[in-house]
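By written order: A, B, C and D. Residues from 1 in each chain.
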């Protein structure tokens, strides 16, 4: 569904991602983990088209993404929940969803069912929401675009544990029927392992390890090493 | 490129000598056109003052005619008050313009970008309106007439064909050009370029940013004031156009046309602009606006460095063998 | 005597305690690294040390002088100099000119108007000496945009060195540099004068391991531990913090 | 007493109608600067061309005022898209000085072109009979036209409010002003939105020129003459702030009219003094202020 090969790029003159390759199959959830500053968010921004690609291929199904502009990538079926949420501050919750809406199974109503708290605040402006509410809105906004692949940058950040559980359940059901592939950046390893079937560990702009969730759970020592700590890591 | 241009500015290029020899040659080659030549020299001086703040310090002044106008009215009033010695008269008028720059500079230099563009423009409009209303001082639409001057240095009378005027103006241009050249080659000048490139970072290395900008703004105001004064002294008349926004824009266009931040941009842009103006205006003054408008658009779209920029690019290409 | 010392720094933003009783010592010639997960309060601590922020309580002592009340620019004059996370250079100027600007400002020559810059021998020579030290001499006449990003980071350090620091604060110097250039950068940092105290803020453990004699771990605004790189990396507490789970605060 | 009242209502009606025209012309630039960060010194050209087309359709072809204005507005909006595609695309993201220079160039060309086609003189304002009629207000007489403008302004503001706040075009526009990158990421074609906003903005300017030709008289130098006024409105309103620009325009209209009425000698300065004071104290917020409604 999403295929990245030999990707190099970053912000302006910087090189944050170097010669990186990743694929995400339809209906699959892949988690990218790694410590701060290894380029996880930049990788997502390169796929969205807001960071600058230097070389490498990004393919989306049969479509070559490289020549497409950001809005065209979105129209082709790419959803994005950025790290900073980036809700439209001077638009109401309803308008935030309306500008992103595209026909499909996710409607404003079904997306809001995931976040009942948000449904009560339809006429509030984006800037009036709390951090957690903004996060929910950002996720709902991505869903109503009815993407085929959803990129999420630390969606659990700032959400209460109960909401995280709900979100994880909802995402599982969306992915379960093969309708949505997810590429997830997550610092909370337990959330990542819960959602994803496959994990990719990044360091300094490279993929240093790639394995099924099960084998990662079994081999926590190696993960600690890969994340630059050089000893056993405790994973759940 | 095998050198750091900012640290080599003091080196004199052969083309510079050629330029000044040509300016002198005009005196002999076009004895009938010296009044136009004088006007060109004055505008070159004015555009040079703008280059100092805009090209080097990155300050966009849309109302530089304020200083030109103060200098012009200043010199006119000084003469009408009975002081007829031209050089001290011009210096006093220049100081008047510089004092005004010192007054408004601390505020204007605290702004940047669009607010700076608009406030300098608004200041120009206000001063023009004030000049228009203050008939007792400026003579309103009639302007200042009856400006008298002693012979230059007590030796040279002000001739009908403007020989003295031309050499007087050229002398000012040369002297002030040397001052500006010295200024921009100095550590102070390098520091100004740093401000143009990255004001924020200059703060981090400890530069008193605003003080530095005010200093250069005052110097620029002084030079623009001298240009205005010399204009008043050589034409023997000061009209409201000396204070007009059009005058500011004229200087801006000349500078952009010649090349911003290149010292000679002003000195080359002014003659080209004025000569084209002369030809086009005889045809129809409104058509002249087609020409300036077109030139501005061409420069922004295709030739950002102005004529000197294009010349430098061509030279680099020739040297590069392509 | 410590080159830089912070005693009991506390900083609150509203109800949130971002810096919670942090005490640190940077001795002369130290090579100290500061690490911590996102939201640990590294940026705030740097702000408190450099003077961008004022602590609610606590003191900052630079070379034996209390500088808690001094503005950033004055701390720079006293020898506390930082580099920036995101490149912030004079992009249209050559590398020599970039460094010259800082050298000239530091020498108090930025209002000198009469003498051509190129003839100010001491300033030019000092600029070139700094570029030599950082291995930038061969590219000194190239503009910033013409050299690699790794070398741009070195120019950043060169500018900091021009200000004659006693304490140098390097904020993620290796961020955004392609892998093959990191080694050269670390080499160069290793060769900086021995009497210069360096505080490195970094995410990358590989960089920390190569650079630091001592590592300080900041978590949720507090110092979790201080020790040799080996001690820190084998600590189970640190691992827990780095591999998620125990995120007591969020960014 | 009645003198004071009639003077006040005179200033009120004249000031507000002046403000309405100013608002109609400036609002387009407010939107363009908010969305595209384009400084357009030539904005007044759209207004004056709208006015010229309206007047010449009325005078020489006998087209009714409303229809003439409509044709003029559509023509200007269509033409402006061509101008945007050729010239303004080069400016997006370029330094402000480039914007200023290029658009001053465009303004000069516009002025020269109008002179070529319509001659250098001020166009006498011949209002349609219904608008030219007078009503009596105490001892003064007032043209119906002035009242028409005030009513028109109210209708226009409601219409604009509807477009910006209630339509999907408006929501997308505000989203793009808020965060251009994220707007693209949710699938909004911001570049096309730019062109549409440009056409809307210049069309509105043309409305101002067409409806306000008896408030701001048409002449080739129009764009230059009213440039500073337009820029004042834009800079004091903040980015993309519709409501603020309405209040600023009307306040300027009333202040200017009152100033000229009570102190004809210095009346013209008051506006500039206000601008300078504003810039000095608030100038740093310009172009950085978050959009609000």
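In this section, a contact is a pair of C-beta atoms (placed from the backbone, for glycine too) under 8 Å apart; a residue touches a chain by one contact, two chains touch by 3 or more.
All figures in this text were calculated on a predicted structure; none of them were measured in a lab.
S.K.: Report the chain whose mean Cα position is at the greatest distance from that of subunit A.
M.R.: Of all the other chains, the one whose centre lies farthest from subunit A is B.
S.K.: Just curious, how far off is subunit C from subunit A if you go by their C-alpha centres, in Å?
M.R.: It comes to 33 Å between the two C-alpha centres.
S.K.: Quick check: how many Å separate the C-alpha centres of subunit A and subunit B?
M.R.: Once rounded, the distance between the two centres reads 57 Å.
S.K.: Measuring centre to centre with CA averages, how many angstrom lie between subunit C and subunit D?
M.R.: Spacing between the chain centres: roughly 51 Å.
S.K.: Counting in whole Å, what is the centre-to-centre distance of subunit A and subunit D, each centre being its mean C-alpha position?
M.R.: Roughly 44 Å, centre to centre.
S.K.: Considering only which chains touch which, label the overall pattern as line, ring, star, complete or other.
M.R.: ring
S.K.: With touch defined as at the top, which chains are paired up in contact here?
M.R.: In this structure, the chains touch in these pairs: A-C, A-D, B-C, B-D.
S.K.: Under the stated contact criterion, what part of subunit B meets subunit C in this complex?
M.R.: Against subunit C, subunit B makes touches at 1-11, 182-183, 185-191, 193-194, 197-198, 200-207, 212, 215.
S.K.: Could you list, by residue number, the parts of subunit C that touch subunit B in their complex?
M.R.: For subunit C paired with subunit B, touching residues are 72-73, 76-77, 84, 88-94, 96-97, 100-102, 104-106, 109-120, 123-124, 140-142, 159, 162-163.
S.K.: Mind pulling up the subunit A residues that touch subunit C in the complex?
M.R.: 10-11, 13-16, 18, 35-38, 157-158, 187-190, 204-206, 223-224, 227-236
S.K.: Going by the contact rule at the top, pick out the subunit A residues touching subunit D in the complex.
M.R.: 48-50, 69-71, 74-75, 80, 82, 86, 88-91, 95-96, 98-100, 102, 126, 141-142, 145
S.K.: What residues on subunit D touch subunit A, complex-wise?
M.R.: 168, 171-172, 174-175, 177-179, 181-191, 290-293
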